[in-house]
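Pasting the structures here.
In the two assemblies presented below, chain A is common to both, partnered first by chain B and then by chain C.
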Partner chain A sequence: MPKCTINGKEVEVKDGQTIMEAFKKADEPIAHYCYHPGLSVAGVCRLCICDIEGNPRPQIACNTTVTEGMKVSTKSDKVKEGVKWVLDFHLINHPLDCPICDQAGECGLQEQYMAFGKYEPEMAEKKVKKHKVVDLGPTVVLDSERCILCSRCVRFTEEVSKTNELGIFNRGDRSEIGCVEGKSLDNKYSLNTVDICPVGALTSKDFRFKQRVWYLKDSDTVCNGCSTGCNVKVYFNKEGMFRVKPVHNEQVNGYWMCDEGRNIYQFANKENRFEKGIKKLGGASLETMLPGALAKELHQLVKSGKDQTAVVLTGQYTSEEYDSFIGTLSKEFGIKKVYHWNQNEKQMGDFDGLLIRGDKNPNTKGLLKVFEKHQIKTEWQDLEKSLESKSIKNLIVAGPENLSVFADMDSKLALFSKAENLIWLGAAKVEALTSDSGKVKNKNIFVIPLKSFVEKEGTFVNHSGLEQKFKKATTILHETLTLTEVAILFAGKNLTLPSAVEKPAFVESQRRSDQVQLEHRKKNEFVFKRGTL
Partner chain B sequence: MEVKYLTEFYHLDEFRFLDGYKKHGGYVQLDKALKMQPQQIIDEVKASGLRGRGGAGFSTGMKWSFLPKNNEPRYLVCNADEGEPGTFKDRLMMERAPHQLIEGMIISSFAVGSKKSYIYVRGEYDFPIKVLEQAIEEAYKAGYLGKNILGSGFDHDMDVYRGAGAYICGEETGLISSLEGSKGQPKLKPPFPAVQGYLRKPTIVNNVETLAAVKYIIRDGAQGYRKYGTEKAAGTKLFSLSGNVKTPGNYEVPLGYPLMDLIMKEGGGMKPGRKLKAVIPGGSSAPVLTAEEVAKATLDYECLAGLGTMLGSGAVIVIDDSQCMVDMLGVLMHFYHHESCGQCTPCREGTGWLNKIVHSILEGRGRLQDIDLLIKVADNMKGRTICALSDAAALPVLSFVSKFRDEFEFYVREGRSKVRGNFYAQMHH
Partner chain C sequence: MSIVQNSAQKSKWYLPGVIGGLGITMKHLLKNLISKKSMQTINYPEEKYEYGPRFKGNHILTVKKDGSLRCTACMLCATNCPAECIKITASENPDPKVEKFPISYEIDILRCVFCGFCEEACPVDAIRLGPEWQTPGLSGSNFTYDINHLAYRPALKGGIQSHVDDEERHKEGI
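Up next is the complex of A and B:
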């Protein structure tokens, strides 16, 4: 365990670790583009140069192993001048089209320029022309002029996804990233290349031109796309959610996540959600109401038919919700008929070797644990039988959030149709429930919209039994409920619910003296609109 | 004075073939070497003071002793990717005496314990490749290659690998990448090739001339080899003399030989009415020497290093007063821009930038600050990359601009060459 001094701070690193890792440990900033902790060392950007005491030439931090007593510094004028020049070499052929570049605001070049640059450009020659808008595959677009050839994406396809689609072609300043002949960047992890691209060369077709990143807030959460439970960051603003990126967690997902998981933001957005509680009684037309009010109303129904009530749960909710939902219902009404809707029984054990698992529910393990706690031992066949024999009148279903992985939706709805009253709890908008398609034949249908995974806090237990707590990221639909809240309302207890009345944006009589300007500015406010590629 | 040590029989056509080679003492040293202990050969090479003839001038015996002491398979690779502009000695050696190289390589392989060796020849060397392949075939038939060579129990195989003509593949790790079948790009060091090289196995890469000389060290012993040369630069070396001299060509002279003598005696002096202006002593990447410096220079590693340049591959390019230095730098920069592998940013972008600046000057669009900019850019490319190509591009710029600044300033001010008088544009269109 050699000790070394990084910019005056003493740190101890593991044997064989590099100066770069020592810098990270000492929490000292060091410029770098090609180095990525999840990939092999390339040592080509030459930005991480640092002074090592006793060494006449500056060395690169990413490929120099720490030795005992090493004194490393990035504070000398020589290093600063060196970094400035290497940065300049990166920039001389860079198009500097930040105003129209998607990466602007989170770009490595911009960051380093603010830290080390801020100089007058000396390049007076014509820039090298390269390919623009290169379609690499179904998910990624390349702009070769912006590319700084750090080779991270190439190493990613070689080492992590092991699909080898990308390569660097040509030599010298004519070098360009491209797909190997006959291949396109089409793998289940392709969008990671966009994350690790330090500049705006690789952009995601899904996120491209949708938002400037400085209009987005972010928050950490856990992906609910499958039972791996990748740690992710979601990006959102008042318009809704826009993208998902992985967060490093060595125990779970390393630095990566799959492309499928990046779509989870979509089913938390308004357009794919039930916004209001829906009541459809005996073939009458739809009646919408506040979710809380509907849940309160259903207290009587559940109470009166408690012996004929069954509950169906999917593995898409938090452990806390399961616990309180099952707990409350069994305590208040003695409901023990709780069933696990497992839509992917056959592929439960599937695993692609990296991250993607066959179990598409984030919390199957958590649900089974809660079942164990409340001693619930039920078989799906029993539910089918009792529905067949009409011994179940009320069926409460906590449906899926991620509809795309529930291929058996139609057949299950047909099964659920055999109950008289269907109480559907769920975030995702299931068209069949409200449309006249005839897929759902229950006499009475009640739909209570729930909160999506970004709107609540809780715990997911992943495939390996690891409990991951996450916090609330944002609120997209204010009036929706969690399973916990639904259970309390079903039990007939009181709950302070969010008010339905929206605050008026501006009240003339309450105008402050300084508000004139704000109003004036409001007229010119940027209007968020989601476009297409 | 030119000596005939390595090149003793180069004038004989029969020396190219096994029979002729054997007639003049061929494969005798192999027999002798196979009866020695490998360590004994390494010690002998170390004691002889043989230094790498490819450019860096690193002690060969020392390089060999960096190999890990275990039984891991290891490789010997002969670097015949003679790409340094101005160098053409390896070509002569391969064409005239392929068996000399092969014998040297078998002895060296025996010393380092390699069972397989490669000769990496640059793609343009069509004829040398044919000659080598033929010679290897002959050697196999005669039992000098293959299983149980000369009854010693030592097995060795040899192959010729044809490069694609990239300058960067002359760099040893670039060569190894190319040999492995990937794009010829230098690898990060450490690990050094002697520890992890070809196919991640210990690998020794030596120049053609270095490996050929090993045979003579075995023949004459370390002390015998030291008959020529200086204390720190032992032996003879082939110099490829080119440029504005009367008789350009390859000349073998002992190290420490005066540079002026090489030009005036071996090269036959300057052309009538011309004066010596400058000399690039070690291939295009070596800093240029002015006429005054040439008078002081001797052809050995230390003297040239003292003058701020290097012996390099031994390509002596003579420049007389009819040549425009701006023009020459333009040619060099075009070359390095074309040959940069594009891996490291300072080199990838810097070589292109330098090329553009020099050509701006040549096309009459130069600004006076461009001359200082050339120095600044070159300064910041030096020592900042994985391999030495960046330095190789930067060093000529620094020496050309600092030593012939008046020519550059004249070009910028007048838009034409101080020496040639005519416009670059006229010359090229």
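Up next is the complex of A and C:
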């Protein structure tokens, strides 16, 4: 465990760690492009130069191992000048594309220039022109003029996705990133190259030109695309959600996430959601109403037919919701017929070796845990049989959020339409429920829109049993409910709003002795303790 | 406090003042009758006064040599706008040399404060404030200017050409 000094701070690092990692540990700023903690060291950008005591020339931090008693600094004029002019070399052929570049606002070059560069360009030669808007594959667009050849993307396809599609071609200032002949950047993790690209050379086709990044806010959450439960950051503004990026978590996903998970923002957006509660009685036309009001109205229906009511749950909700939903319904009405709709029973154990799992529900483990807690042991066949024999009148279904992974949707809807009343709870818009296509033949259909995973807080239990809590990111549809709230309203109770002030804001006994009081105000005099101002 | 009161003697001298004033009026009347061009006023609704080109009135979107919009949809004007009256929807242009362009560019002119920050923020001289200043309208929709109005309204005679030209810049090696 060697100790070293980074800009005057003493840090202890593990054996074999580099100066760059020591800098990260000491929380000291250092310029770098090609270094990425999840990839091997390339040492091509030469930007992370630093002074090592006793060494005549600056060394690169990313490829130098820390030795005992090493004293490293980036504060000297020599290093500062060095970084500045290395940056100039990077920008020699870089076009002035910032106005139309999607990376502007979160660009490594812009940030490094403001932090370490700030020079006047001294290049008299013409810029070398390269290819623009190169179609690399189904998800990524390349602009090779903007590329600074840090080789992060090449190393990613080599080491992480192991597909080896990308390479650097030509020599000198004509070097370009490109796909190996006959291949295109088409793997399940291709969009990670866009994340790790420090400039705007690789851009995502999906996000391209949708928004400038400075209009977006971000919030951490857990991906609900599959049972891996990658830690992600969602980007949104008042117009909706726009993209998803991975967040580092060594226990779960490392630095990466899959391309499939990047689409999870789509089903949380308004256009793919039920916005209002929908009531369809008999052959009558649709009636829309507030979700809360509809849930409250259904209290009578559930109460009167409580022996003939069954509940179907998918693995797409939080553990807290399952617990309170099953708990409330069994306590209030004694409903024990709760069934687990598992759409991918056969692929449950599938795993591609990196992140993608066959179980496309984020919380199957959590649901099974709650089933165990409430001692619910039901079989799907029982539901099919009892629906067949018409012994179930009311069917409450907490449907999927992520419709794209529910391939058996149509067949399941056909099964559910054997019940007289179908109460559908769900965030995603299922066209068949509201259209007159005749796919859903229930006599009465009630649809209560729910909150999507970004609009609520809760816990997902991933494939390995790891409980991941996440907080609410944003609100997209205001009137929607969570399963917990639906259960409370079904039980005929009212929702209680959490009081804004948990504790009394003013406690008499905690008042400072010099605090201004009403008498002082009346007399227009203020008391100050000496020295407190 | 004291109130100054004109004495009876002094107040008699108002007559020369009135006659002098009337004289000035008559002088201008005769002058205007003889030469109409030097007249100071105009008959407003029929005649309109044109401000100089540097006046900050209604916005103009400039065009390239081929007549297409100069705007690259970088959103800097919308970001800089203190009144938040600019709304742009960007899209991918089939021409790889253009790459990004606006498919919709709307200015809510009733919110606009004519500060000219959009003009200052624009990196490619795509938006300017022009000399037009009277823009009456009968309904609210008349005050949301779209690309058609901003770049190709009849008063602009086919569009104002931008100073920034991509081809020239590329030839210079920038």
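The rule is short, and it goes like this: the second predicted complex is superposed on the first by the 495 of 533 C-alpha atoms of A that agree within 3 Å, B and C clash if a C-alpha of one lies under 4 Å from a C-alpha of the other, contacts with A are read in each partner's own complex, and residues count from 1 in each chain.
Here is the rule we go by: a residue touches a chain if its C-beta (ideal position, glycine included) is under 8 Å from a C-beta of that chain, and two chains touch if they have at least 3 such contacts.
Owing to the predicted nature of the structure, the values given are computational and were not obtained by experimental measurement.
Colleague: Look at A:D77 in the shared chain and tell me whether it touches chain B only, chain C only, both, or neither; answer first, second, both or neither.
Modeller: neither
Colleague: Using the superposition described at the top, determine whether chain B or chain C touches more residues of chain A.
Modeller: If we count touched residues of chain A for both partners, the winner is B.
Colleague: Just chain B (first), just chain C (second), both, or neither: which does A:L149 touch?
Modeller: A:L149 sits against chain B, while chain C stays out of touch.
Colleague: With both complexes overlaid on chain A, does A:K126 touch chain B (first), chain C (second), both or neither?
Modeller: A:K126 sits against chain B and chain C alike.
Colleague: Scan A:G43 for contacts with chain B and chain C and give back first, second, both or neither.
Modeller: first
Colleague: So, does A:E181 touch the first partner chain B, the second partner chain C, both, or neither?
Modeller: In the superposition, A:E181 contacts neither chain B nor chain C.
Colleague: Could you say whether A:D27 touches chain B, chain C, both of them, or neither, answering first, second, both or neither?
Modeller: neither
Colleague: In the overlaid three-chain picture, which partner chain does A:I168 touch, first (chain B) or second (chain C), both, or neither?
Modeller: first
Colleague: May I ask you to decide whether A:E250 touches chain B, chain C, both, or neither, giving the answer as first, second, both or neither?
Modeller: After superposing on A, A:E250 lies clear of both chain B and chain C.
Colleague: By the touch definition at the top of the document, which applies to A:D436: first (chain B), second (chain C), both, or neither?
Modeller: Neither partner.
Colleague: Find the residues of chain A that appear in the contact set with chain B and again in the contact set with chain C.
Modeller: Common to the two interfaces on chain A: residues 125-126.
Colleague: With touch defined as at the start, can you tell me which chain A residues reach chain B in the complex?
Modeller: Result: residues 41-47, 49, 57, 63, 81-82, 85-86, 89-90, 92-93, 122-126, 128, 148-149, 168, 170-175 of chain A touch chain B.
Colleague: Along chain C, where are the residues that touch chain A in the complex?
Modeller: On the chain C side, the touching residues are 72-76, 79, 90-92, 96-97, 99-100, 123-124, 170, 172-174.
Colleague: For a test of understanding, state which residues of chain A touch chain C in their complex under the given definition.
Modeller: Result: residues 96, 98-100, 125-127, 129, 132-133, 208-210, 212, 214-215 of chain A touch chain C.
Colleague: Can you list the residues on chain B that touch chain A in the complex?
Modeller: 166, 183, 188, 190, 337-346, 348-353, 356-357, 360, 367, 370, 373, 376, 380, 383-386
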